[in-house]
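See below for the structure under consideration.
Order as written gives the chain letters A, B, C and D; numbering starts at 1 within each chain.
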Amino acid sequence: MNLLKITASNAFINIARNKLISFLCFGIIAFTLLIFGIFNYITFSLESFSETFTKNITAIFYLREGVKPAQIDELTNHIRENLMVKNVAFTSKSQAEIDFSRNFKDLSYILSEFKESPFPASIEIEFKPEYAMDTKVISLIEEIEKWSIIDSKEVNLDWAKKLIAFKKFIYVVGMFLSLILIFVSVFIIFNVIKINIFYRKEEIHVLRLVGATDWYIKFPFVIEGAILGFFGSLLAGALLFITLKLFPVYATFMYNLVKGMIDFKTIPSVIFLRLIGLGTAIGLFSSYFSSRQFLKN
Amino acid sequence: MIEFYHVDKRYVSDQLALTDVSFSIEKGEFVFLTGASGAGKTTLLKLIFKEEVPTRGQILIDSQNINLIQSKLLYQLRRNIGIVFQDFRLLQNRTVYENISIPLAVRGEKKSTIEKMVMNALSLVGLTHRKNYIPMHISGGEQQRVAIARAIVASPKIILADEPTGNLDTELSIEIFKIFERINANGITVLIATHNTYMMEMFPKRILKLDKGKLISDGKKERAA
Amino acid sequence: MNLLKITASNAFINIARNKLISFLCFGIIAFTLLIFGIFNYITFSLESFSETFTKNITAIFYLREGVKPAQIDELTNHIRENLMVKNVAFTSKSQAEIDFSRNFKDLSYILSEFKESPFPASIEIEFKPEYAMDTKVISLIEEIEKWSIIDSKEVNLDWAKKLIAFKKFIYVVGMFLSLILIFVSVFIIFNVIKINIFYRKEEIHVLRLVGATDWYIKFPFVIEGAILGFFGSLLAGALLFITLKLFPVYATFMYNLVKGMIDFKTIPSVIFLRLIGLGTAIGLFSSYFSSRQFLKN
Amino acid sequence: MIEFYHVDKRYVSDQLALTDVSFSIEKGEFVFLTGASGAGKTTLLKLIFKEEVPTRGQILIDSQNINLIQSKLLYQLRRNIGIVFQDFRLLQNRTVYENISIPLAVRGEKKSTIEKMVMNALSLVGLTHRKNYIPMHISGGEQQRVAIARAIVASPKIILADEPTGNLDTELSIEIFKIFERINANGITVLIATHNTYMMEMFPKRILKLDKGKLISDGKKERAA
């Protein structure tokens, strides 16, 4: 415990001894992780953005004239059984008339010209939000359409299909880029720390020659790497915060439209924690593996 | 006890830096190692603390064959040896005080012990007033004395010094050799590589003489070229 | 000219002399630029992707019964004047009937029951693709809708609005991230090269002491930086290519849907050139400014 | 011509490394600079090629006040001076041959000229067989001779050598000093900082003696402590 404290303070002293280089490494780590953070945030945002497109997806099916109540019940029950469906509502011809005259009071005189309600009966399906973008919704809609009692439907499947594809695209791209970015971040930070240690190989060699154990040499480097990684990722988090604070200003300047579309002010804390964890871990392991290389004789 | 048995050292394929070197130094001896530039003095010293490994032959330190020591456990060997490197090898990012304290720090000594021993070593080499300087900011001779202080600070069993007075004036050199003599009087083995014929005359000891990698003479008070 | 040749070859020798560090710097530069390249490519792709949503936007306006030809001409001429409009087509009631019976031959017997065509006359507007996502299109549609002869329209403005917002969002985000990324790339590469030069300040100092001019010292570093930047960006380009080659495989594995949606095989050469230009320039200027710092005395 | 007028040099606030040093060395002179470790020899030399600037006083080289030379034009001054640094300052990532060729390369000499002159310098210091080694792979004395070769290779007007034989045996030291003497015979000014009293006796020249930063004696053949 005491050794850990001494080593940690040694690591800080080491960082202070090599101010410029530590500072540069620190900066590189911070900026590398900033990109990682931004990417994470973008993916996150795009996903929630694409969700606003797809909330409360409803489909309305208009029924043919003269459909029997039994047939309607059969269909609504069939639909209700489906797990993706949140709500099914039947609107009879007369109910449609009432709805119309309620919504358009000024036009209700038109209805008086008709003997019977001119509106078709309809079934409105509301899907659960979590299935809003599922391809299975599309097949359900297509299946219902084939029922003989259905006259027509009002739902833009084309858009829905495209949006589903889009959402998946965002997700796949996001995952893929996150993987690449983790890899790149690790690579950059690893190399920077390796450079840092490489230039101190003489120091490592001398320490060995005066009787230091491998761990005595390695430990401060490992701690140093972890410290650089930790503070680097902390800075990255702060920069991410500032960047996202700044973005709406820039966005407002560019396009008033985009402003407010996404809440750019709060960084999901999970991204923040991910950053710090990643930064510290990379710093730590980079130092560990890099220092090992220079502990040969 | 340092024993060399038919040791060869080859850095590059076509020539030997040391050829069939055999000798033994008893515990508590004071020995000079001399020879022209490039004769192999530094190489011989490096073999003792295993910075280099012999191409052929065996080296025994306190009856232990150092060829067989694992890299991980080398520190045990090296803690018994204090070394003054020809090129000093001071850590540039640490002060004189910190440099001298390293051998103690790596042994996990207490801070108060370290302070006492470092200050003692500093005053021996006359550098108390330079303790907070970094190596770059002191003179060549001062750096050499820091290197000497670092070698003796942890009271090792063997002291190897490679040209330890090359940057010192005669007066200071004599003082340094007197320090080595005093340390030697306490039973510490001392092996000094030097060209300084004047010092070898002033301190008549056993002299190992190398020439082009061969040990050409081994005897007391012999006059070096 | 000869001096340039000598210096360039010196720079190569220098790189070879400091193999490990040059290699690490080179790697960092390549990976930093890889991210820049990927980002550029994503922005590019998302933009073209969002365009597939919006190509051939058409709006159909159904006319009231009994509208006079003069009124129709007035409206179509008005629409035709608009620069965003590619094509305006009027479909009379009888033409609509003919179209219907042509498209649905089996159902044409239904039409025989009607005296007059049951279909309304309509005007179909096709917009030029470059305006497909313009908000002005929306206001035009809304304006036309207010004409008295219009009965109803068939165009989903809600989607269109959202998509316009989305496209702008992509654009703004893309621009913003590109700016940040350029900044971060410059920062990282600059710092790496600075570390590289920092550790050779002793060499610089000695060169000065033996009578080298500032330019004699600086020039190889500058060339070295440019070489590292150039080859780094070349590698970044290659990695980008491989990454994008790899992506569809990954995507296929994840979602068959996304595959083929975008052509991931060709990297727009503009991105490639941008990478190389950026890399070389950063390397060059980084070296120039970093080496200056160590040429004090 | 090297002229010092009341030169002070202060590195840290509380003490002077050089105090009121005044002297002048004529063109073509051969002068020793001596004094105990830390007396200020290296500092004095550094002032001549403006690695350090004086805190007070004027330094004239060939009647030019070097305080007034712009940083950008310093190379003109330094091309007239060949320096053997106390710590060698060889470039670790270049071979012996490349290290020695640097002063010629920075002057833009032709490759063939460089080759001729470098090989000549190499043979003078007896290192032809080490030309493709890097400094780390040669002995301390060999490194020192590379430093000497680099200082003389470009035929400068002034040669400054800081403890140039600290790592060399007596025989080699005499040879090196003979080289300096030969160069000096061609009208080159030579200023050598050294502790080596034996050499100063063998080569009786003017001796400048420093003590704690003060010039305490200036004369021929004086016996240094």
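The working rule: a contact is a pair of C-beta atoms (placed from the backbone, for glycine too) under 8 Å apart; a residue touches a chain by one contact, two chains touch by 3 or more.
From a predicted model like this one, the values you see are computed outputs, not experimental measurements.
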Enumerate, in label order, the chains that touch subunit A and subunit C alike.
none
How many Å are there between the centre of subunit B and the centre of subunit C, using C-alpha atoms for each centre?
67
Express in whole angstrom the distance between the two chain centres, defined as the mean CA positions of subunit A and subunit B.
63
CA centroid of subunit B to CA centroid of subunit D, Å:
28
Where does subunit B touch two or more other chains at once, residue-wise?
none
Can you list every residue of subunit A that touches 2 or more other chains, as numbers and ranges?
none
Are the chains arranged, by touching, as a line, ring, star, complete graph, or other?
ring
Let me know each pair of chains that touch one another.
A-B, A-C, B-D, C-D
Along subunit A, where are the residues that touch subunit B in the complex?
3, 17-18, 202-203, 206-214, 216, 295-297
Residue numbers on subunit D that touch subunit B, as the complex places them
11, 34-38, 41-42, 86-87, 137-142, 144-145, 162-163, 166-172, 195, 197-198, 224-225
Contact footprint of subunit C on subunit D as seen in their complex
49-51, 71-72, 74-76, 78-79, 83, 89, 91, 93-94, 102-103, 106-108, 150, 154
Would you pull the subunit C residues touching subunit A in the complex into a rising list?
20-21, 24-25, 27-28, 31-32, 34-35, 38, 42, 49, 53, 135, 156, 159, 162, 164-166, 168-169, 172-173, 175-177, 180-181, 184, 187-188, 191-192, 194-196, 198-199, 243, 247, 250-251, 254-255, 257-258, 261
